[in-house]
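Chains: A, B, C and D, in written order; residue numbering restarts at 1 for each.
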Amino acid sequence: MGPPAAALAGGRVSANLSLQTEQAAPPPDAEPRRRRLDRKYVPLLVTVTLFLAMAALGSVLYTGFFSAQVFLNLLIDNAFLCVVAVGLTFVIVSGGIDLSVGAVIALVTMVSAQLVERHHWSPMAVIPLVLALGTGFGATMGFLIERFRLQPFIVTLAGMFLARGLCYLISIDSISIANDFYSAVSQTRIPVWAEASISVGAVIALTMVALGTYVAHFTQFGRTVYAIGGNESSARLMGLPVRSTLVGVYAFSGFCSALGGVVFTFYMLSGYGLHAVGLELDAIAAVVIGGTLLSGGVGYVFGTLFGVLMLGIIQTLIMFDGSLSSWWTRIAIGGLLFVFCLLQRLFEAKRPGA
Amino acid sequence: MTPAQPVLELAGISKSFLGVRALAGVDLRLQAGEVHALMGQNGAGKSTLIKVLTGVYPADAGTIRIAGEAVRPRSPLEAQRLGVSTVYQEVNLCPNLSVAENIFAGRYPRRWGTIAWRTMEDRARALLARLNVNIDVGRLLSAYPMAVQQMVAIARALSVDARVLVLDEPTSSLDEDEVRRLFAVLRRLRDEGMAILFVTHFLEQVYAIADRITVLRNGERVGEYRAEHLSAPALVAAMVGRELAARREAAPAPAAAAGGEALVELRGLGSKGVVHPTDLALRAGEVVGLAGLLGSGRTELARLLFGLERADKGELRVRGAPVRVDRPRQAVALGMGLLPEDRQTHGIVSDLSLRENIVLALQARRGVLRNLGAQEQQRLAEGLVRALGIKAASLDAPIAQLSGGNQQKALLARWLATQPSLLILDEPTRGIDVAAKQEVMDEILRLAGEGMAVLFISSEIDEVVRVSHRIAVLRDRHKVGELPAGGQEQDVYRLIAEEA
Amino acid sequence: QQKKIVLGFSQIGAESEWRTANTESIKQAAKDAGIELKFSDAQQKQENQIKAIRSFIAQKVDVIAFSPVVESGWGTVLREAKAAKIPVILTDRAVNEKDDSLWVTFMGSDFLEEGRKAGRWLVDNVKGGEVNIVELQGTVGSAPAIDRKKGFEEVIKGKPQYKIVRSQTGDFTRAKGKEVMQAFLKADPKKINVLYAHNDDMAIGAIQAIEEAGLKPGQDIKIVSIDAVKGAFEAMMAGKLNVSVECSPLLGPQLMKAVQDVVAGKTVPKRIVTEETVFPMESAAKEFPKRKY
Amino acid sequence: MNVAPWRHRLFWPVVTLVLLLAVNAAFNPSFIRITVRDGHLYGSLVDILKGAAPLALVALGMTLVIATRGIDISVGAVVAISAGVAAWMIGGSLVIHDGVSSYVSRFPMPLAIACALGVAMLCGAWNGALVAGLGMQPIIATLILMVAGRGIAQLITNGQIITVYYAPYFAIGNGYLAGLPVPFLLAAAVFAALLALVRRTALGLFIEAVGINPAAAHVAGLPARRITFWTYVFCGLCAGIAGLIVSSTVKSADGNNAGLLMELDAILAVTLGGTSLTGGRFSLAGSAIGALVIQTLTYAIYSMGVPPEVNLVVKAAVVFAVMLLQSPEFRLTLAQWARRPLPSQEAG
């Protein structure tokens, strides 16, 4: 009963997606790739399209908006957010959450500044150190979550308190970084075309997105993360390395936060306990807007990139407008966010697991 | 007994869950190149034994030897490494991954260290083809019904080269055709020298494939027998602990109601991409059976009737009056009940207690305010638990802790509590043991006798024939005909097979 | 008359009445001076201010002005502004960059000095033996909190009779100020003589706590605070707050003047100080009607 | 059911609370002293009850939302909004008629309160509509209101801190009834009402069913969406009441700071109380205790003279300790170590 059943299968597809393919569904193994593209990447497509729409809107509304540099600035100014969000995507896909990211960034800037400025360490030593530190921090939280069955939300919340607290223990005042290497990197601009250019941070961000996409879709680790997000107990019964993967996920997120912190240090050239306050929410928002389900199991790193750009462009629109009072700014951000999510919901087919 | 040293040997395995004794000193010996059936009533301890053996639960006592050396796997992963490949009772796969991935997760074919998707999908397709399941392996698992998912789970287990293959009720939602395919594969594996442990509630399947049989009762081993030395009645007696009355034959003549006007009537009711317009009349006091192959749309029809799918064609009449049913709540209000096909996702509310699970539907029907008092709930639940012989530690135990079959009975109890006028049963006998099966059938007939209308869906054509006053046959989401009471299995097969 | 001057102003946020008054004054002044104002609220985040400045550069505004949320970390973006030949004006907080060619002028109040003023008033007006001081700090790590503490301590240092017995953050808010003060009053066996609050809001919150504890704010416990917002004057008129050091948010007119000068190519002083006074209780009633914020 | 006390889900939260109180008492003996001052109870413990009330209220609302697998991070903003509305409508101003200052309110107080609560419930309804109606993910749906809500609050207060000059209003936050602080009584009342609602009606069962397995609940005929919707409305209401208390306590409404970061504390309270963020089984009493734990901790930090820059580290330490204490797995591990102090294998 292969073909008929499969024809039915086609029918079932149609039930929750486009009504065109309905009657004449192709035989089961006819170009399955294309069909899956359609189905699974809808949220992604929606996000990208809406982003472009917003961009178009800005370009017609405000002079000077439609320039290469403005769009590259989206990357430059949100590089750190992007790096962090990549790590967070994995955590969220695994069904968890990481609230400590912002605080870890602050801690990294603080430690870097302290070591470089006050103790005159070489950046070559400091950067690897902070990356290791972040990874360790994440791994520890992951261990607590996995080993003692604690709720990710509180563990990482406590992690957030801790990281911020440590910043203040180092110094409550901000430490500016005059180190040549740091200032050199922060001023380096890589020309793209004409006089438009991007920063080192942006390059790192894009690299991380590429890396993240690869890990998510082409490695055992990445796929296991999705499996865990889909159904943890099944993943265990399927004999997947759930424990190590879970710890790994938080370690990776910790690493990304640390790397984000390094990028942030280049961006700010200072260490400060109040850096990146509330960044965790922006990151979560970016990830979710990028089409990842908070319930886990579904999501794309590439979508996260657009989630970040989305938040960025909303802000840019408001800055270009420049007529909004403080509170109207907030209301506008909320409003645009709403419109976006609404459209996303309307356009997007019902997602599996949603 | 074969002198050869067993591939797998369990000795004196005991396991209890906070006071509930699931296993008491169970022994099991599995030889290379044999199919070994593990039999027992619901709650006898079969799945628990398997979970202990595969490292899901640590054993309280006892030893596990594989090829002679003592092991104690601490996780399914370790068990797999030791060469034990398992299909657990409930389909344990990831709905959010593609079929192909579900088969190869953890053992991806690689090229230069990265997962080779193409290769993986090709292999998956080939593997499933062996079981005659031809589906798009690129689609998400969740897009397919129980039966397919179960096939995928089996395919996954077959795709590892293991010494021991463990199958816990793999056939519970398969139809004969698929079972035959599966058995063919199993026989070949056996001849290749694999040891296979097989759990089922279908006696004929046991005799079709098993070489030896180990019987459990209340967590204890009753004995180990060679299949040919143990007659079916003897086997049942061993499982149940008493002689069982010979099964009643075909359904009683059409109920008095037969001629009467329909309680629920589908007039060309259908929905794009779900089921084609269907006419069907359900009368009080009558059991209507729905027969068909996998994917023939029986579940869909049931879902449509119960408001889980939106009807876009035709009309639904209840007691002659046209009604719209867009969501289950309306159906329940109209006095319908649906025992869903997929127990785990649409049935049990895992963390709630057995009692709460039983009263849920009734309470939903009464609404938030007209709350059932504690003792009333207790009374109700106790009654049904006794009536259906549900085996549980206590009424307050989370339903997730019940054995598969007992969960199924609890769900039946949930709907009986609402005293529905139309009860839709989609695979009600899935995973319940022989004794219980007969009780459930009798129960169904009794209810019909009391004037309830029943729509009975089952992949076991013989069951359908036994309980139904009337049988509607579906093929490719079309109703292709009806058979009056006393219709024989072969008639059904003929209808199904006609120019197919 | 040449085309309208465009000024890009990046405000820290709207975290307090003071800040709102500051924003109002700037918007008003811009309107009066016929300058087109591009206003952007950074919601307390330095990164947002940097983004805003970048977008101002992209929009090719004539002048950029902003109140740095912290001193550090402005080098890169200011250099970009310089490269784009857009003059930058700092308001109410300096930045610490070696290269002071990155901005044309810095105008506004000086938190250190405010702290000192508060300290001096205390030393001059509260004499006699042991003086036990409790301090309500601003948000941990924020510039005003740090400087107002520093300035105050500078003055009382070397005067052993003035002791800060407790110090906790009240996040610049009334609610926290009250909560913390409650705890202080319950916990402290030693008598509290003076309360030093880093802003009026916390002082006002604390006053309520003190009254609930059955003490007389302003008498049993002398209260020194900073900002001199309306609320503070009401408290002073009711005799519950002893003194508030002014920190004027009304920079608008000054700023616009500076902007016009810069665009006109006139040279402006590197530092424009806004003169600020200290308002003791007595002067409150007289001053109150005049307060705009 | 007769289970051993340490099996009871509230056992460990209570233990933590007691421990914290003990620590406090140890550091300053005056902590436990409760005196009667002009007709009402007075002392640290009373302050804690009083101070914990708003958080407890929000936590109660949050508990139901979380039980349905949701989360509401907009509560802080809603607190600010309701505070703003109430303060603005009552407002009142200090009119000085030849020397004598008198207070007047803009609208009658009951009306003002009704409006404030109404608006708060509207906010909840908005969240509920987005989540239950449009099927948005709770965190993002409520994030929208979290961001915009602050703006709205500031819009209402026009960026100023609205001071209230209308004495009767102060009672809500500072008054006493039968010697007990009104905020505490309010929270207690809501708690009692909610408990009755959950126990006496089937609401509790329904909410848990929806939270554990929405699909199954739907098939069983539960109005899953409607239930979800109303939990958000109720959460809004709770936040609204909290807003009244907050604004009345400090006799003013601060659009920017009222209820800032309250969502985090509320969620923390809920989880400390033993309710899982994955939905399902919930414990109202647990959340209330959680709120008390948090307030006691804050109070301890203030009264022990902890330097402000250390606050967060202390808080982190305590939260870690509490979590671990509540984790059965951790206690098991401890027990194992206790039995054989040799380094036991601890697979990661």
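General remarks:
We adopt the following convention: contacts are C-beta pairs under 8 Å (C-beta built on N, C-alpha and C of every residue); 3 or more make two chains touch, one makes a residue touch a chain.
Computed from a predicted model, the values in this text were never measured in an experiment.
Seen from the C-alpha centroid of chain A, the farthest chain centroid is that of B.
Contact count check for A-B and B-D (C-beta pairs in contact): higher for A-B. With centres defined as mean CA coordinates, chain B is found 42 Å away from chain A. Distance between chain centres (mean CA atoms), chain B to chain D: 45 Å. With each centre defined as the average position of its C-alpha atoms, the distance from chain A to chain D rounds to 30 Å. Computed centre separation for the pair chain B/chain C is 71 angstrom, with centres defined by C-alpha atoms.
Of all residues in chain B, none touches 2 or more other chains. Shared interface positions of chain C, i.e. residues touching 2 or more other chains, are given as 13-14, 20, 23, 140-141.
Those residues of chain D in touch with two or more other chains are numbered 154, 159, 309, 311. Two chains count as a pair here when they touch; such pairs are A-B, A-C, A-D, B-D, C-D. Against chain D, in their complex, chain C makes its touches with residues 13-17, 20, 23, 137, 140-141, 166-169, 171-175, 178-180, 182-184, 186-187, 189, 201, 204-205, 208, 212, 214, 231, 234. Only residues 1, 200-203, 205-206, 208-209, 212-213, 215-223, 280-281 of chain D touch chain B when the two sit together in their complex.
Chain A contributes residues 62-64, 67, 69-70, 73, 76-77, 80, 167-168, 172-178, 183, 186-187, 264, 267-270, 272-278, 315-316, 318-320, 322-327, 329-330 to its touches with chain C in the complex.
Every residue of chain A that touches chain D in the complex is listed here, in rising order: 143-144, 146-151, 153-155, 157-159, 161-162, 164-166, 168-169, 172, 243-244, 247, 281, 284-285, 288-289, 293-295, 325-335, 337-338, 341-342, 345, 354. Chain B makes touch with chain D in their complex at residues 306, 308, 327-329, 331-333, 338, 340, 345-352, 356, 359-361, 363-369, 371-372, 396, 414.
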